[in-house]
């Protein structure tokens, strides 16, 4: 096992620990029943996605200022992993919505803005795929990523700004029993580690792809400064 | 004094190496021809020198400025004739030039002079899209000299030009530093005292001498 | 180098090209009328629900017309390779950008000049200064964003497809706030002042952001 | 000269180009999702009125996706001037035409494969064989017409604009009949059999007409 | 025997007279060069001869067929290299030719031969969009000879071609009737025994002799 595989294995093991906590430690919700256990991963992966998109934002800004490919590779990695976690949030949310609301989807502000988030970053990935690799692709995508981040606060605050069917903030309002809260924070920590590892592995893949396409880090205009994988 | 100094210019298109470590020094007022087979990398080199394309690696200095970081400032001094003419087909020949006068911040009186220099005065009021291929090429040359650049990059400027190509280009190149790519050896010999030969993206001929000079 | 002169030159060139070829205006106008027709077929409209549905159709038509108008503005430059020639000049990207935005939004304004009376004609919704103000305010921000993404996708393959994908999510604020403003101007409940205030905020935000981004979009 | 071989070669070339560049499929699919989104913004949808509004959105999305897909099919040939080269061969225009229509409708079918489940997911409308049949039947005729007009406008400037203008009026029969069929398949009152019969009639009519017209459209 | 007989070929672009009453007779196997200044009407004439453009007035007969009414039947016999290359950028060089083999109804074995004839065998698997301008021009020539046409219309085929342009064209033109427009007088003299000079859309030079011959 190389060190990437070791890290991946460790992250997977952590997720198993989180899973155990979710199903064995956390109490069953007396109103919603077992389906409420979706909550932990649903929210954690949303927050992980925010983190990934923050990497895209910071990476994009650094890239535009310094043309440092390292920043751009992190941005690319962040976008892909962020889309994956947004997908998890969406799917989990829809699975939860069916039994609770009676349908997979309603068009409320939280759900819609989350879908838009997914579309924006999928568009980011498409811009990358459809332009010739190199500085231009990186610059254009950076602009898309920076503008796209506008939607992240919209998603987060949608439940307070608009009347939504989706529940409002409960964690910051201390509305959860202690066991649930512990499980939630454990799951969130594990998910964030997983996201960081995924970004890091993906960064490695992007580096190898770049090398194959001779997108060198040879001439950085300013010395490289790496963005944090997850802020 | 050297106007242009390129150093290890290398460009990869994906996995295709189009230009490999080309060094060149061009003195002020010098005329240099770039020769080479199809696909040798002439256009790639010229696009880099015109600061349209940034090379994968290598340095380029024009008039003492870093050509990649201070592109905007350089553009007053560089004129470029590309393969594609880049004209607005719905505007007349004169209107095309007037528009570029505004962008270049030069007086519109230059339009007439430039049209005259390339022999298009007669068709000044015809739309660019209706001109023949050779006329469009002339118009593209006229646009490149509108702001009287110190450095002129000409990529096959003789393409589709009529019999007067040599005289026209001599006139246009006067008092300017010129890099010219062409397939016409006779023309190259007539217009340019110095020649750079590209083969599979590497420089041969005078270029080898250049390495020593640097 | 006077950026206003550049912006004006670019706008004038675009408008003159359009005037010569008359490519966009008549077709855009008719396209709008057609969108009205489909809207009509898709949703049975009567006098009762017209003020609720008409704004939807208005925005749908405007969005699609806008996508076409903005998409065209840089695509034409790209096809002709004149974008490269324009960027070879020392003119500031922001000015070039502003010029293209002015010309493209002029087209959109012409669309609106057809669309709003047509709505009144077909659906009997009111045609007041408030409605016009809301639509025009939305146009400003939408034009800034639309032209920026048009410049981005012009460098990319499959631009016809990518443009809606990138632009629409960021147009949503304008569609929502503009929709609210129009709905309340047409007599539905809603706070017109607040919606207009939002529109102005968004306009300022996106005009500033796109001006900052212009330099990076129009390079190489 | 075997026209089937020509049609196949043309379709294969288009599909291969698409496969290489992967320009259209992913973007078209997401474009569809976006259309859903705007549709939703324009018209407040809930479980009650979903079967009435969903077909409208379905057709709007299909119409716009179709316009893009068909527009692209000849525009690409035109930009590259390869249309002229293709017409310089002795291949029959009808066969060329059929080949392009096949490739473009394949794209549209892929769109539908995304759109129909998405509708079910987002609006809870049923996803049955009847719905699929109605949509596919409409696709045939729309493809024949769309490709023909795409060929016409490819010779013209501002094709992005002219295409909807020419195509939409003739698509209206399909939108109406298809809309009726889908609505009744989704449980609203309406005669499904009759609508499907109409669709088949229109298909035959327009496939024959466009085959006849192909020769005149694709010349000089 | 004459393969091509044109009679009073005249073309107006709007109010612009591009071609004025050109008569010409070309015998089977003959090679004819068309010379003239920019905008003289060479491309217009060649497009008419290739049956891509229909003239405003005049008659044209190719291989005894009316060139306007029986275009489809003629196309087996005509190959045309235009100013624009008309290739599919996403397909490889070989795939481009294979596609046109299918449309021309000729065997795909022709692809390799044609690529070899224009010296592109090495880049057969590269996408057409990534080839240099000269390589694309070669590919466009390869496409024109795929079906071994009897009549070959070449509009500046030497544009952007490398040093081997003359040999390549000699090879390509062998055993065919050819009309070739170019600005390179040396090349024209080397390849074509007969020359037609256009000036402002009217034929001069050999063309005057032609009138008598007819």
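Letters A, B, C, D and E mark the chains in the order given here, with residues in each chain numbered from 1 onward.
Everything that follows uses one rule, which is that a residue touches a chain if its C-beta (ideal position, glycine included) is under 8 Å from a C-beta of that chain, and two chains touch if they have at least 3 such contacts.
Keep in mind that this is a model prediction, so the values were computed, not measured.
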Chain labels contacting chain B and also chain C: A
Target chain E, source chain C, minimum contact steps: 2
Interface composition of copies chain C and chain D: same or different, split at half: same
By number of C-beta contact pairs, the top two chains: C-D
Chain whose mean Cα position lies farthest from chain D: B
Centre-to-centre distance between chain D and chain C (centres being mean Cα positions), rounded to whole Å: 26
Centroid spacing, where centroids are CA-atom means, of chain A and chain B in whole angstrom: 47
Averaged-CA centre spacing for the pair chain D and chain B, given as whole angstrom: 46
Chain A and chain D, separation of their C-alpha mean positions in angstrom: 36
Residue list for chain C, restricted to those that touch at least two other chains: 21, 157-158, 162, 165, 169, 172, 220
Residues of chain B engaged with two or more neighbouring chains: 13, 54
Multi-chain contact sites of chain A, meaning residues that touch two or more partners: 116, 119, 122-123, 126, 130, 135
Each pair of chains that touches, named by its two labels: A-B, A-C, A-D, B-C, B-E, C-D, D-E
List of chain B residues in touch with chain A within their complex: 12-15, 17, 54, 56-57, 59, 69
Touching residues on chain C, where the partner in the complex is chain B: 1-2, 5-6, 8-10, 13, 16-17, 20-21, 80-92, 96, 220
Sites on chain A touched by chain D in the complex: 94, 102-107, 112, 115-116, 119, 122-123, 126, 129-130
Chain D-facing residues of chain C, complex: 21, 23-24, 27-28, 30-31, 34, 37-38, 41-43, 52-53, 55-57, 59-60, 63-64, 68, 71-72, 79, 157-158, 160-162, 164-165, 168-169, 172, 175-176, 179
Complex interface listing, chain E residues touching chain D: 50, 52-54, 71-73, 75-76, 78, 80, 82, 84-91, 95, 99-100, 102-105, 127, 143, 147
